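There are two complexes below, and they share chain A, which is joined by chain B in the first and by chain C in the second.
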Partner chain A sequence: MYTKSKYVERMSCLQNEEFYHVFEVFSKRNHKSDFQHQFSLLAPNHEMALVMAQENFMRREPVVDIWVVKRSDITKLKPEDKKALERLDNKEYRLTKGYGYLKKKWRKYEQQVLDEKEIMSWGGDQRGPNRNAAGSDSK
Partner chain B sequence: MDQIATPQEAIQNKQYKMALIELLYQLADDDFILAFRGSEWLGLAPHIEEDIAYASINQATMGHAVMYYELLESLGEGSADELAHERKASERKNAILLELMNGTGSYLENPSYDWAFTVVRHYFYDIYKKLKLESLKQSSYLPLAQAATKIKMEQYYHVMHWKVWFNQLVLSGGEAKTRMQAAIQKVWDEFADVLSYGTYAADFSKYQLIEEENLFKQKWEVEMQQVFQKAGIDYPGPPSARKGNGRTGMHTEDLNQALSILSEVYSLDPQATW
Partner chain C sequence: MNTVDFSKLSKEEKLQQFMERIENGEKIEADDWMPDEYRNVLIKLISMHGISEIMGALPEKEWVPKAPSLRKKLGIMAKVQDEMGHGQLLLRVVEDLLEPLGKNRDDIMEDLLNGDLKFHNVFHMEAPTWADAGIIAWLVDGAAIMTQTNMLQASYGPYSRALHRICAEEVFHAQHGESIIMALAEGSEQQREMLQEAIYRWWPSLLMFFGPESAETTGSSKQDITIKYKIRTKTNEQLRQDFFTKYVPRVLALGFKLPDDTMHFDEEKGKWVYQQPDWSEFKKIIAGKGPKSQSRLQLRRMAFENSRWVREALGAKREAI
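This part shows the complex of A and B:
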């Protein structure tokens, strides 16, 4: 009988000879979505990895595209370099939640009655002051 | 001739029905027995990813057989389950090549299966099947043309899968190449049987169920010559059918072995509902 241990033995022997490589598999669910990392698999080369990827990971859900990337081609941060990711917690201005007040402002303008004076003021003097610059209260 | 849209229409013409049923048995039995042989690799394929991919392919191929058996069912041939499990070897119309065992030993004891033979058998069969489906898409029997259109969707991946294995092993040199060449010889010795339309060949084309046998063979040969050329191997000329013609119900002991195993559970209680 072809035992499991014999199988594992043969596999590790092949790996020692650097026959198999680890490939990372990415797929796209539909044309609008981004590629997402799925899993990794062992294969001797890119072509084989692509063929294996389809039936190993796309069996149950349809996908529109597949990528395979050799793991050794991926450059990773070294553990000590992960210090580069640290930062102070004082950059709230970079988060879109800082613009939450805009909704309220829109509502205010939408509710304003459009009178003749208001409408006339839109066209008007084209060389006038830059309306965007004037009185801006952006953060 | 006009297209036949329903089974009710098909059975009006006795000769048409006979030819149609014969063709459907060939298609169903081919996919069925090869999917069974493929399923015997479960847990034994060269590596774990291939094990899963191959198992998936076998499920898909078995699904194709089911579609053909259901077409037979609608023509009054009996239920798909019965057709798959209960028919004797002499009633089966599959090509002999597809029933041959994967190698020596059995699934449970010393399975010393031949991966080279498996790759070559599947690759050559799947190329043939792709061409056959293309022709069946024009079939005068509409339900068959529709089934072929659906099956063809999955066939692209099947061909691609075996093409990768075939080319990588054949072009690798060394032991792989030697074993692949032996496997090619073994498959070529029987492939004429796969190509054979059997005793109803004339009616198949008379009723436009599928394109004419010799035309089909020519088309197939052109495709295979390219396969050999890309693999850097001389084209071996026309294939043979040394073990006989499965389309006429001739089979080897290997088919009996397969049938006794695949119908073992079914035969315990044929009335059971699944």
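This part shows the complex of A and C:
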């Protein structure tokens, strides 16, 4: 029978820092989505890290792409530096927040403000024949 | 905004800021400052949780070759793999907590094998029949889901995120267990007897699973510390009561009995009344003196030995590059 110390000793010669590295795993759920951080894992190399990533984190979820990055290659903010990310509360001039009055103004001219919902819809099949027929932007 | 250099704060000031963050519902991350008590209680809790996932897969894996249908075989195989995956996630969380102490996965395994690292009492027990596989997936996992969902909002970010992944899969485990016991409950007289025996066999272990009501019962309990740091919200006893509320009516509805005639819900107190398990037995079991403690640890040693060639092959490849 194996003694405990012998087991640990034999284990340590392989399972030390040089053998395993921490990898951070990122994946894309579908072609539209951004890469998302999943979790980390221990693996001896990048190739194994990719295999382990699928086994550990993508047994069920749909996935179209995977990245593994050695944690030691990532530069992180120090905990105390994260404080600097707290934004000052004076960024409204960069946002649409101050333009709420336009809605009321346009109403006077029987028109509507071009808001986010409206503008983000323009990339679609806006110019299809049916829409054009019903729309107001006839040439 | 507080821009004082954090490293120049006194220990008391750091602790105060730390507690404020927890009170505000912020998440603590691996490289944040944390009091030793917090780090140590997390290491103890999460290494026990992670190792229990791995040791818990062992009694279940015995049933993979003997599952009664292909569908059930695939189900229990997927579950065993999930448990191992949960172990991987949780050990990673512990490793990051251990790093400043100069420790790693080797130390966790060493602690497991020399008996310093305990694993859940339920995984020291035998699983002699298919009904035991059913009870493990239905009631043992049910109890585990109770304790894990209780920590979904844990103040320690990495643990909370691991638990969200784990609990999403536990839903599958719960229904996999329900399907096993439902087939037996609606089966032959022999199958019903087998399930009844398994319920009797597992009942004391299920009561013990949540731990003692207070430190007075067994001499130690970390629940006050974990509640203080918002790692969990409910006490051991609250979780055990919740478990009764969810599962006792279901066991009875299927026409099965519990090995406790006194078990009932006291409307006035709003609590289940039940007979305490033998807590000295609990201490013995988690000290590695349960019926299967040593043989499962031996299985763990063998698994490591049998996969040695894989690690050596990978190591050789790395050197060649």
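FYI, the second predicted complex is superposed on the first by the 70 of 139 C-alpha atoms of A that agree within 3 Å, B and C clash if a C-alpha of one lies under 4 Å from a C-alpha of the other, contacts with A are read in each partner's own complex, and residues count from 1 in each chain.
Basically, a contact is a pair of C-beta atoms (placed from the backbone, for glycine too) under 8 Å apart; a residue touches a chain by one contact, two chains touch by 3 or more.
Keep in mind the model is a prediction, meaning the values are calculated, not measured.
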Touching partner for A:Lys76 - first (chain B), second (chain C), both, neither: second
Partner with the higher number of touched chain A residues, chain C or chain B: C
Partner chain in contact with A:Met48 - chain B first, chain C second, else both or neither: both
First, second, both or neither for A:Glu86, with chain B first and chain C second: second
Chain B versus chain C as contact partner of A:Arg59, first or second or both or neither: both
Chain B and chain C footprints on chain A, overlapping residues: 1-2, 11, 20, 41-42, 44-45, 48, 52, 55-56, 59
Partner chain B, residues of chain A touching it in the complex: 1-2, 11, 20, 41-45, 47-48, 51-52, 54-56, 59
Chain A to chain C touching residues, read off their complex: 1-2, 4, 7-8, 11-12, 14-17, 19-20, 22, 39-42, 44-45, 48, 52, 55-57, 59-60, 76, 78-80, 83, 86
Chain A-touching residues of chain C, taken from the complex the two chains share: 1-3, 5-7, 29, 31-33, 78, 81-82, 85, 88-89, 92, 95-96, 104-106, 109-110, 113-114, 161-162, 165, 169, 298, 301, 304-305, 308, 311-312, 314-315, 317-318
Contact footprint of chain A on chain B as seen in their complex: 44, 47-50, 52-54, 56-57, 108-111, 157, 160-161, 164, 168
